[in-house]
Each structure stands twice: as C-alpha cells, then as structure tokens.
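Below you'll find the structure I mean.
All chains are identified by letter, namely A, B, C and D, in their written order; residue positions are counted from 1 within each chain.
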Amino acid sequence: MAQIDSEKYAVATQLQLTWWRFRRHRLAMVSMVLLFACYLLAAFADFLATTDPHATDARTSYIAPQGIHLFDDDGSLRPHVYGIKGVRDMKTFKLIYTIDPSRKVYIEFFGQGYEYDLFGLIPTRVHLMTLKDAERGDGIYLLGTDLLGRDLWSRLMVATRVSLTIGLVGVTISLFLGVLLGGISAVYGGIVDTVIQRTIEVIRSMPTIPLWLGLAAALPNDWSVLQIYFAITIIISLLAWTDLARVVRGKFLALKEEDFVMAAELAGASQGRIIFRHMLPSFASHIIAAVSLALPAMIISETSLSFLGLGLRPPAISWGILLQDAQNIQTLALAPWLLISAIPVVVVILAFNFLGDGLRDAADPYG
Amino acid sequence: MAEPILSVRDLKTQFFGPEGVVRAVDGVDFDVFEGRTLGVVGESGCGKSVTARSVLGIVDRPGRVVGGSILLRPAGGGAAVDLAKLSNEEMRKYRGPEIALVFQEPMASFSQHYTIGNQIGEGIKLHLGLDERAAKKRAIELLDMVGVPQPARRVDDYPFQLSGGLRQRVMIAMALSCDPRVLIADEPTTALDVTTQAQILDLLRSLQQQKGLAIILITHDMGVIAEMAHDVSVMYLGRAVETGSVKEIFTAPRHPYTRALLRSIPTVLAKPRTRLPTIEGSIPHPFERPKGCAYHPRCAEIIGPVCEKFEPPAVNTADGRQVRCFLHGGAPAQEVAA
Amino acid sequence: MTTRRKFLGAGTVFAAAAAPSIDALAQAVTSKSAFDQSGLVGKLAGPTQSTTIPASFKEAPQLAEMVKAGKLPPVAQRLPSEPLVLKPLESIGKYGGTWRRAFIGPSDGENGNRIMASDKLLFWDFTGSKIVPSVAKAYELSADGKTTTLHLRKGMKWGDGAPFTADDFVFWYEDMYLNKDIVPNPIADMAAGGKQGRVVKIDEVTVQFQFDNPYFLFPSMLAGDTLIGGGQAVRQAGGNSYGAYAPAHYLKQFMPKYSSEAEVNAKAKAAGYDNWVRMLHVRKDWQLNPELPTLGPWKTVRPINTPIWAMERNPYYYVVDTDGNQLPYMDGIVMTLAENIEVVNLRAMAGEYDLQERHIDLAKLPVLLENRDRGNYDVHLDLAYNGADTTLHVNMNHTADPEVGRLLATADFRRALSLGIDRDQLNETFWLGLATPGSTAPAEVMPESPGPEWRKKWSVLDVAQANAMLDKLGLTKKDSQGYRLRTDNGQRLIIQLTAIKAFMDWPAHAQMIAQQWRKIGIFGDVKEQERGLAFQRVVSGEHHILVWTNGGTELLYLYPSWALPVDVANGAYGIEFSRWYASNGTGGTKPTDPHMLKALELFRSAAAMQEEARNKNAQEIWKIMVDQQFHIGVCGQSPALMGVRLASRRLANIPGRVCIAQHCRTPGSSHPATWYYKA
Amino acid sequence: MIAFITRRLLLGVMTVWLISILSFVIIQLPPGDFVDAYIAQLSSSGSQVSAAEAENLRKLYGLGEPFYVQYGKWLARIVTGDFGESMEWRRPVTEVIGDRLWLTLLLSLSALLVTWGLALPIGIFSAVRQYSFADYAFTLVGFIGIAVPNFLLALVIMYFSFVWFGASVGGLFSAEMALAPWGWDKVWDLMKHLPLPAVILALGGTAQLIRIMRANLLDELRRPYVVTARAKGLSEFRTIVKYPVRAALNPFASNIAYLFPYLVSGSIIVSIVLGLPTVGPLLVKALVAQDMFLAGTIVLLLGVMTVVGTFISDLVLMWVDPRIRHQMD
C-alpha cells in the first residue's frame, strides 16, 4: 500500500497533491459540499421560491414563520398549511395573526406559480411547492414575511442567487486583475514593479468607503438593476485585486529562484511557456485558496454597500438588502424572524473561510 | 564501581495521537556515573531524544512517560528520588541545577528575541537566586569557561550573530549555568563541521574532567561514541538492544544491529572508493512496529520464526553487558502483540 | 377583542380626525374612529394670548441672582412695556430644567428654528387658523391692500439688552436685502404685482411695508413660513438673509458700509473666513453664532456645528405668563447629535429625551408604545392637514425621453397611474392605518379645501378604469409579463419612481406602488437614491416621478413649492416651468397644458385678493391640480411627519394635540416656552 | 538606518500625494456639488434655497472652477496648514475633525484594548490547550465572529442590551453629561457608554486575532527553543509567555500599519448604526454632502495614518525582532 502511494505521489501534479491533502481536511470538505449545495440552491432559486418574491400585500405583513403540517386529519400524508388572518390591534398598533386550523390549504408539489426563467433561459411556472385553492393572504410562510408582506423564504432564495454570483463575478475580475498585474509586476520588475506596487499601496491606503461611495454615486441614473449589479461587482473587484496581486507577485518571485524554473529557462523555454506551463500550475492551488478566502470578503462588501444605501438597491434582492430591511428597531421588536436572513450569510462566509483554510493548508502545508 | 547518579529502569514513553499510540521509548534501562559518559546511539527515530526528554520530564504533548523509574541520587547521598513520579512543578527544580540539556540545533534552540546573556542568566536567576547583575557576571564567566572570546561583549549578542560553533559553546554554557551533575547532550555536534565538532567534544571532555560531570551523549555517530563515551547503549525502536562499556561493544559487539552499525563507520584505514556497508531497509514506521524482535526484518543473522514471533528479553551476559537478542539466549517468554 | 377593527379590504376610509370646521378647530376630535380607540389623539389645545398685562414681573432665579449681582438690569426694564402675555395651557409653571432633545446634524437647523418661532413678526394661534401678534404687537392692512403697518412693542430689547426698534427693519432692508453681495436676487415675497415693495420707518415703533400693488396676502406671508415671514431663526440662518429685521447694532461691524471693504475683509481673514460675506453669513446665523443678539426664548450657547447644540434662556425674551413670570420656564435646551434615526428612537424609548417629535418614526409606534412606562413618556399622535404624506410628483416637462415625457404630460396617463394605486394597502402597511388615503388636496377642515369629493377624485383604486384609460392612450401592446410597451420603439414602458429614504421609507412605498401597477401593466422602476443625488436630478428635471411629501401645501399660498411649478429651486413638476413662472415669462419654457397655465394664473392673482376670495381661488387651483393629477396623492393627514410626539411625563402644559403644519412651525405655535418640569 | 528611514519617508510623502489626488477625484466623481447637496438637504427639512442664492453660494465656495484649479488651490492651502472650511458645518475643517478625533481615538483604543485583551489570552490558551474542548469552543466562536459582519450585530446588540439590561443606547455621553465640564461624573458617564460600542467594534477583530494568535503560537510552540526553556526549569507560564508568545507577536507588529485607518474606516458602519460621534460617519456625511474640504481632509488624514502606520510598524518590527534590527545596520 505504502509502495503504491509513494508512486502515486511521485507522478502527482501539485494540484493533485493539494487535492489529496485537502480531502483529509474534514471541515473543509463539509464546507465545500455545503457551498456546492448553496450554489445549486441558487441555480434553482425561483423554482424553490413559493411565492413571487416581489409581490406585496398589506394583509400578509409581518407574519411569523409558519410550519408545514404534514399529515391530514385522517393520518394521510398531505402537507398543508392553515389559513391565517390578521387584525391590527388599535391599542398597541401591532398586527395580530390568528391561525385558523379549520381551514386547510394543501400544498401541491411541482404546481404552477409565478412565471420565471429557469437558469435565465427557460420560461416556466413550475415551482417545488405551491398552494392549491389558496385564498388571498394564504401562503407557505416558511420563514415568515416582511413589512410589505413579501415571503422571506422566496426572497432569501433569490437573494442567495444574487449574492453568491456577485461574489463569483467579482472574484473572477479581481483574480484576472490580480494575476495579471501581480504577474507583470514580478516578471518585469524594475519601474513596472515599482509603479504597480505603489498603486497597490495607494489603493490599500485609501479607506474603502469613500471609494465605494464615489464610484457608486457616479453610476448613471437610468441603468437597470442588472447593469448596476454588474457595475457594483466591478467596483468591488477593482478594489479587491490588490491582495491577490500581492500573493501572485510573492509566489512568482519565490518560484523564479526555484530550480525547475531555472532549468526551464536554461533549456530555452519562452517566458510565456515558463509562466503558463511551469509557474502558474505550481501555485494554482494557492490562488484557489486565496480566491476562496476573497469570496466572503466580496460578499461582506456587497452587504456593507447595500447597507450604506449604495450598491444594490431595492427592488433588487440580495443578502445585503434583506439584512438592511432588518436593520431597524421595529423589525427587531416585531418581526425578529427577518434576522434569519443573516444565517445563510454567516454560514456561507464560514464555509468559504473553512474551505479557504483547508485549501491553503493543503496547498502549502509548511507555509 | 560507585553508585550511579542516575539510573533509568524500564522507561516507557508513549505518544497518544489521534491515529493511535506510538511507543517511542519502550523499556529503556541505563545508569550514569559521575565523571563518566554514557553514549546513547541509534538511527534517527529510535527514541534517543525522547529518552533524553523523558528524563527531564519535558516530553511534548501528546507524549507522556507511562512507566519505569528515573532514580536520581542526591548530591549529598541519601535516598534516590524517582523523577518519573514527580509532578511537573516539583520536577522544575531538578531541571538546570541537577540535570541539564544541550540540544542538537543550537540555532533553533535559542530564541532569537533575547540576548544570549539574557537566556543564560534566566536559569541562574531562577535556581541560584542571583540578581540581574550577578547573573550577568556569571554568564560572562560561563562564556569565558566554554571558550567564547570577548565574553563581556558577546554576552549582549543575539544568537543569530554567532557562528555555529560559538552557539553550541553558548548552549553548553547555558546548560552548565546552574552547575548540573548530569548533562544530557543531544546530538551536540551534528550540525557542526568536523573541526568545530572536535572542539566541542574537547570542550565537553575537559568540562567533565573539571566538574566531574556525568554526561549522557546522544548521537547517531559511532565515531563520536568511540571518542567520547565510557559506556554505550544502543537503541533500536525505543529499546536498548545492547548496553555495555565502549571498549567491549566496539571490540566485541553482540547484537546484530550493533554490528551493523559498527560496520557502517567509515575509517581512514578503509580502502578508498569501496562501498560502505549499509543496513538493509529502513526504520519501520512507529505504527508498523514489527512483531517479535523489532529488528528482525532487517536482521542479517535472523534465527528463524522465534525472531518473528517473540520479543527477546534483556539478557545480562557475563561481562556485565546486556543484550536483547535470541542469539545470546533468553527464552521467548511472551508473544508480543503488534 | 374589543379593540379589533376590520382588517383592510372593506374600503372604509376613516374620517380625518380633524372633522370640525375651521372655526371650531380647537374642538375635540369626536369622530368614532381608530384614533379614539388608541387614545393617543388628544384635544387640539395650546396657550392663548391675553391682553391683560400683569401688574408686576418675576424672573428665573438665576436671572434674579444676576440682577442682584448687578450684571443684569431688573426684569421690568428688560421687558417691553407691553410684553406678550401668554396664558399657559394648564397652569403657571416653575422655572428650571433642561430640555433634552435630539438633532441629526448641522442640516437640522429647522429643529431649533421651529422652537424659536416666536421671533416671527406675526404668528398663528395654536389652531393654526388665526394670525396673532408676536414680535409685532399689532398690524394693519390698508384698505387698498398696498400697505401693511406693523406696530412694535415699546422698550423691547435684543438678547444683549440693546433696544429693538424700527431701525433694525430699515437696516435689514437697506443694508442687507438691497445689498447684492448678501441677497443677490430680490424675492417674490417682497413683491406685489411683479414690483418690489419697500420697508419704511414711521417712528421708533412703527414700520410700514409699502407696495405699488395690492398685497392682501402680505400679513399671512409675514405669519407664514415664507422668505419674508421668517424672523432671524429661519431666514437668516443657513446662508439666507431674508426676513424683515436684523440686529443693526451688532451686524454693522461686519459690513463694509460702516467701515471699508478692506477693513471688514481683513477682519474676516483674521477670523479665518475668505471674505466679509462669508463671515457675515456665519455672524448673522443664530445657530452658529452664540454672540448674535436674538429675540427668541432661548439663545445658542454651543453652535449647531458641534456634537451638542445647546441653548440657554434669553433674559430679554419679550413674553410673560399671566402671572407676570418672564418666559421661558425651562433654563435651556440641550440637543445631542444622533446621526442615525434608529438611535434617536431608541434613546427616546430609553427616556433620554424630554420632548421629541422630530425624527420619531411612525413605523416604530408599537415599540414606542411598549416602552412608554420604561421611558416615562406619553405618546401623542398629532394629525397633519396636508393631503398626502406620500405624493408622486410628476415631472410634466421631462424631455430626455420624449415618449415618457409625452405620457407624463398627459392627464389621463397620470389619472390612470393614480387609479392604479391601492391606497388602503399602503395606509395599512406604512401608516399603521393611521392616515387618510386620497388625493393631494388638503383636509376638509382647511379653508382652502376644495371639498371632500376632491379628496377622492381619481384617487380610489379602479384597475378597470385605469386599464381602459391606458388602452385608450394607445398603450395596448403588452410584453409576455403583461407590461405595456412603448409606442415608439416597442420596448417595455418603464416609469421611474425616484424615491429617497427620508422622513418615511419612501422607496418601500414606491415598491408597493410599483407592484400594484403590475395590474395596470405599468412597469414602475423604483430608483432609491441618496437625497443629494436625487434632488440634483430633480432640479435638472431628469426624473420621471419623485416620491416625496406635499407637507406645507395645506396653506397653498404660503408654501406652494410642492404643489405648483413656481419655485426655481424645485424642479419636481418641470424645472423649466418653474423658471418660466418665476421670471414672469421671460425665461424657462411656457407650459402648453391650458390647465397648468390656468392654475398658475390663478396662483399669481391671489396676492391681490382679500381673504375670502383668496380661499375660493385656492379651492379652484386645487380642483385643477387634483383633476389633472399634477401630483398623485397616496395617504395623508397622518402623524407620519413630526406627528408622533413623545413627551416626558415630568413635563406640564403639554397639549394633547398640536397643530402639525408648515406655517405652525410645529411645535412653535404651542410655545415651548410655556412648558415646564413638574418636579 | 538613516537612509532607510529617509527612503521610507520619501515614499510615504509620495503615497500621500497620490492619495490626495485620488481622494479629490473621488469627491468630484458624483454629479453635482456641495450646493446641490446642500439645497437638497435644506429642502428636505422644509427650507428652500433660491436659484440665485445657490449661484451665490457656488461663487462663494469657488465651486464653478475646473477640477485641477480647485485641486491646485486646495493643495496650496494644505501645504500651508490651512485645511479650509467645511461647507456643511461652516467651521474650519480642523475643528470639525478635532471635535471627534479624540473620541474616535478613545473608542478605537478601547476597542483595541478589548481586542487584544480578549484575543491574546484566548489565542494563547487555545494554542496551548490545542484540541481541548475550550479550544474548539473558542475557535467556533472566533469563526462566527469573523463571519458575522459586526455592523449587523451592532443594532441587534444595542437593542437587546436596552431591552434586557436597560443599557445606555447610542452615543458616548448621556444628554445630561454632554455639556458638563470634564470631571469624574463625566468620565464615569463616558465609561458607561464606552463598553458597548467598544465591544461591538472589537468583535470581528478579536475573532481574527484569536485565529492568528493560535496559528502563530502553534507554530512557535513546536520550536526547539521552547524545550530549551523548559529544560532550564522555567515554569510553563513563563516559558510560553517569554518565548513563543513573544515570537508569535511579530505579525501583529506588521499589522499596525493598517490598524489606524482601520480603526477609523472599519468602524464607519458600526458608528453610523450606533450613532457615535466619531470621524467615520463624518466622512460618509461629508462625502454624501460633497463637502469637499472636509471629505478631502479626512481621506488624506487616513492616508497619512496608513503611511505613518506603516512606518511605525516598521519601527515596531525592528524593536520587536532583533534580527530585523540587525539587518538594517
């Protein structure tokens, strides 16, 4: 066994090695599976949503999370929810909901709901769960509703898609910038290196909030939510590439001195070939680790931007926007369940952190 | 012969890792006498260093001394103290004034954040109760004693400012700072070049003569043993496979492992460009400790199934040596489970 | 559940709390409504003026001590011979205590201005319906309406003890108002029939405002929150220099006329200002300059541009109670900076403010009520009189997108948008059911109200009619999601709703409206923007529809900015229209809509009308505005804007309900100087 | 050494200069200018500014000029130590910032003390008792501390500490004490208000620091010099504190560079939520109001702090680590 193992090691690439080491990192593995699940969820966000995440209704304002009842009176498995009715108490001005167990509204699986484009391509109305013969005000309020009577579960699904992808797009851009500029900085050195390093230092010395504020305020008025979404991503990544550039530059410089690179140079390999064939693969795992650690930072950036009233604005739905909705006293006092939207944020950030740690350990066990 | 200062009996140190228990030291016996040097020899990973640390009670977590006794005879005579039974707190007063340690990596064994004077003086202040100034004065004397030039200036240097040889001298000065009776030198010369190595060994020898130190010299180098030690204990996988006086062991090694070790010493007399004999195979992983005699998979003189199934007991031979090998008797008393 | 009221849907509109007629405004609210159940809407009440001057005067203990020490003249010498006498609401008060309050930054000057409102020349009684003497003890309007004469109080003094006379009016008029460096452009408020008026001193205590044309509205302008009707507390703060009088003896030192330009400039440089104008702007601002002599009940001791805006009593305040005690009762005011509304509300719940109505959030009412005992305060709901706290102000001169511009300029399109709003839903969600849904027209109790039917006109949900109207406009094609398409390029028609998170969560209101508009096939694109950015775009006429309040329009002539395009600083209805109106037709773009022209013409003619005719005129204007839906009302007459009042239970003379209106300078017309601490 | 310091200083000055340009550009980016923002603010609080008045204000503040002229003038003034007047606050910029700088520093230092006071012992404990229950517990709490954005916790903690403990909410002084002269009462009042924001500000940093400390220390604990120290008979506590902990502190020293600006800018959102009179919210307000000189000065100040921080961190590193000190010679 040991014999076979060592043979495997001998021919394994750096990436494979990293992967083998990574698999031993239990928490990181769990995190990876979890994140994969989250992205899967994001891909099917609208399908999983039970009601139109934008639809408002005063009569469903601030409904606390309601459970799904699985069994009917006769004991058969027929998932349903109860009818619910709200009244405002004019002494306390609170909305008081009473559940009417006598009126059962049955859940239909793969029923027809609001229209959406699956994967942004296929128009469909099929949802995992919808209500059959629902009256106005009925709903599957898994996580309750917000002030405008919108279903938090459905909103959370859509928000997850937005926030998770904004991170990906952002990281891709900053990865590109980071590798490119970090690489150039290391390969050319001299004045180019100095200029890039100085730029990085200046960007890092700038407090991020004014940068965001200035750039976000400069966005044109008539841009659609989607355009602003991408603009914000680009803004965030324009500021986030510096860390990656530093990592890349450092690794490049270290590798330059390594024997195999020297050997390739002596053998007359072109610079491009050396970089892409020899150097990049040898620290690809570091980059992956850096990326997975950069993702939560992106997500937090988006959250903070939305929180400051910049960045994504309603009616767009993102984690930041959901969290901002919960940032007032009346929510804390009257509808604390809106804070639930913080849980996926925390979990995903944690998972990315664990994943990043695991990857980093695996990539560089002695580093 | 006089009473030994330190006698170790059936010392067992184990590491309790998440993947199982490693028996790093598995029943080691030896005695150390005043003014004499005990050489402990073996390949890397045989438990030499752990033995040294076990004696001082500073085995790293998750390791622990699980059995045996470490008897230290007090300076003024009287009943011996079993160090293995002391609490960490009680043990502390023996570390330094009674038993001191010299390490194999002088660079890593010093903190780079403090001057050598500070690091030498620390033990002095703690054990001898001297104040800052007196401690420094003593540190300078010690540096002078171990042959550091310009000790008064050097005392304020940081370890990274010294050469390797000097660092090892400083390390010895630090070990001797509280006048210990037993000095454990753990591969004191491994990291040094040959000339420096000789100087350090000379220094140790002269200090031993001056102070009547008992030295435990841990090394993988039979040459060093030959030069320094009075008695030798050969270790393999946590056990002393052969113990005896240096002369006897070098002239008439009994255990096949000892013999193999001795064969692998290069000598100036050897014919140029001949291959040195090596020991076949490598030390097994601690988890895959072979059944029976641990050495049997590599042993050139294997007797047969008895070596594979049974663990050879320690046999005291007539000349006062101790050997663990069926070649030299001993009944296969117990079947050892791997 | 006895407090239960039917939940939505049935469409019952609760009668406005202020049901009684204008003459009986002070009467209690009697309508059987949700407000009664809550017990939070009290009786409209407040201090009243008395004409009997007390025989002797008393003062606060610390002032008495200063008199004893010879640092201050006796109280009788500090007061005018005919001080203003107020009969406190409940009882004669005790001196002492500091009013703790919140402010949110240097832009929150109105917070203090409103408390100092009794430095106005004329003011309103607590009902907000009757002009009463204030700094001026009386006024006369000549029969031809061209001259308004103000009679000042003899022996009245500035806060530093200097006499306050007609000369201070002449100084303001000649040295400040006519100085182009200080006031670059004359104001419409000082003009009648397009010609500027004059300020003339008759004698020490008599001042005349003379106009070439009839200006019957002028006394109301003086009493209202207008550029001329300020007093120092509003109109000479924040970079303005309006409002009819100024402390000549103090400000002369900063003016070139009384020394030389070089000298005042040197003085300015030495004090760290670029030039004398910059220095004057700060020196004449009561919020910034503690040295500035003023007339109000308190004066600044720590300026507004620090984390604490603090005031102490003005020893020369010209008002006494019926027992002859010089007001104010409270020693001072300390406003602590809290830049976040949540913090203001939370601190209010903790009882850290003694009386706070500004920045208190209606949406937090349930929580505010819950913490009443803990914070030791009472909650009062004061209902406003303006038509709509949330109004969709339509840009009828949008040029950037001709198709959208054309539609926004079409009355039926605006009407359809209005018909597509389910106001009951919004009322329930954002006003906790406490507002009155309807058009932008003011409450029926207001003299300018065109009548109850105009509150409903085009302003009740009717999806079918709205769709029919939109179809008729040619917007018949729809995309797959049911949104109407533009007629020019077949793209989806997108109407932007520019919303700002300010006094209310207007972006959320806009979102709900946009969702409701799905039923009429209109895609409402909510643009939540930061305040400065949004107004920048509004001023340049780039917006489609701005979501904002129409507060202040309850008296149309005194505050028309959020009703008609007459104010060049407000481009909500088309900045070019505003420019056209303000320039008397010499600039800007003339509206082509005959209804708009008619409304503007009526508005312009009002100044020369007597009160009754003027009110009729206003009603006509309102009818046009509502019928044409220049602005789409959502819900109003609510406590949402400064109407949730938290008053410490330690305070006395606190009215059960106060008038919430721009011209009342809430809480100014309730005279905070008469409030006091019971213990 | 001198050469090194000079070089660093020159580089620093250049960085600051670049930052000053960048900050000026950023402030100019959004459409409109201070007067527009000012008008918007006034109109939303019920006052109106006429167009003529607005033009006059613009002239007064020199806002009509092209960007580079405004920048040039600003730079020329700054070089002479004149930071200009805040348009919104109508006071010299230095005074406006000065009001808040001390409280900002006080708050930041308290947060720092909490951070270090918690993170170091916990980090050390976690490392020394690696894989113990407490280690797992602290690590978990630490991770959650990292994952929860602290501004999210701010309002929640503030609200519930009010509801459950009746804690003082928001601000650094109670209204009664705000105006009082400095004395024991006022200090006590400040002390009552300080813990909540300090703890909230410290949360994220503490979690991060625990992780760093633990990882560093685990590395250091394996080094032979620890055994050396034990072999000398030193107590376990002294062994760990004097040697590995000292070595594990190195990365902290290099972190000082970004500490100062972080303390200001990292706390912006928390300060806004908690309504704290610190520099962070001032910056955001100034940016929103396009109060050029104020915003420019604060951004510049932060830049200078970073540069100075980097410099200090170099010095501290030299002081902490004798190896670096000797490389300089």
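Keep in mind that, in the parts below, contacts are C-beta pairs under 8 Å (C-beta built on N, C-alpha and C of every residue); 3 or more make two chains touch, one makes a residue touch a chain.
Keep in mind it's a predicted model, so treat the numbers as computed, not measured.
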Checklist entry - Measuring between mean CA coordinates, which chain is farthest from chain C? => result B
Checklist outcome for this item: argmin over chains of |mean CA - global mean CA| returns D
Checklist outcome for this item: Counting C-beta pairs in contact for A-D and for B-D, the higher total belongs to A-D
Next on the checklist: Can you work out the whole-Å distance between the CA centroids of chain A and chain D?
Outcome noted: 27
Next on the checklist: From the mean C-alpha coordinate of chain B to that of chain C, what's the distance rounded to whole Å?
Outcome noted: 91
Checklist entry - What whole-Å value do you get for the distance between chain B and chain D if each is reduced to the mean of its CA atoms? => result 54
Checklist entry - In angstrom, rounded to a whole number, how far apart do the mean CA points of chain A and chain C lie? => result 45
Checklist entry - Which residues does chain C have that touch at least 2 chains other than itself? => result 342, 346, 349, 530, 533, 537
Checklist entry - Touching two or more other chains, which residues of chain A qualify? => result 217, 327-329, 333
Next on the checklist: If we count contacts the way the header does, which residues on chain C are in touch with chain A in the complex?
Outcome noted: 1, 3-9, 34, 37-39, 342, 345-346, 349, 361, 363-367, 369-370, 424-426, 428-429, 432-433, 480-481, 496, 501, 507-508, 511-512, 514-516, 525-530, 533, 537, 542
Item to check | chain B - residues contacting chain D, complex | outcome: 53, 56, 58, 60-61, 88-89, 92-97, 100-101, 103, 105, 108-114, 119, 122-123, 126-127, 158, 160-161, 174, 178
Item to check | chain D contact footprint on chain C (complex, rising order) | outcome: 98, 100-101, 105-110, 184-185, 187, 225, 227, 234, 238-240, 272-274, 277-278, 281-282, 285, 288, 302, 305-308, 310, 334, 336-340, 342-344, 346-347, 349-350, 352-353, 374, 500, 502-503, 530-537, 539, 551-552, 561, 567-570, 662
Checklist entry - If you look only at chain A, which of its residues touch chain C in the complex? => result 54-59, 61, 85-94, 115, 123, 147-149, 217, 221-222, 224, 309-310, 313-315, 327-330, 333-334
Next on the checklist: Help me check something: in the complex, which residues belonging to chain D touch chain B?
Outcome noted: 130, 222-225, 227-236, 242-243, 246-247, 320-323, 326
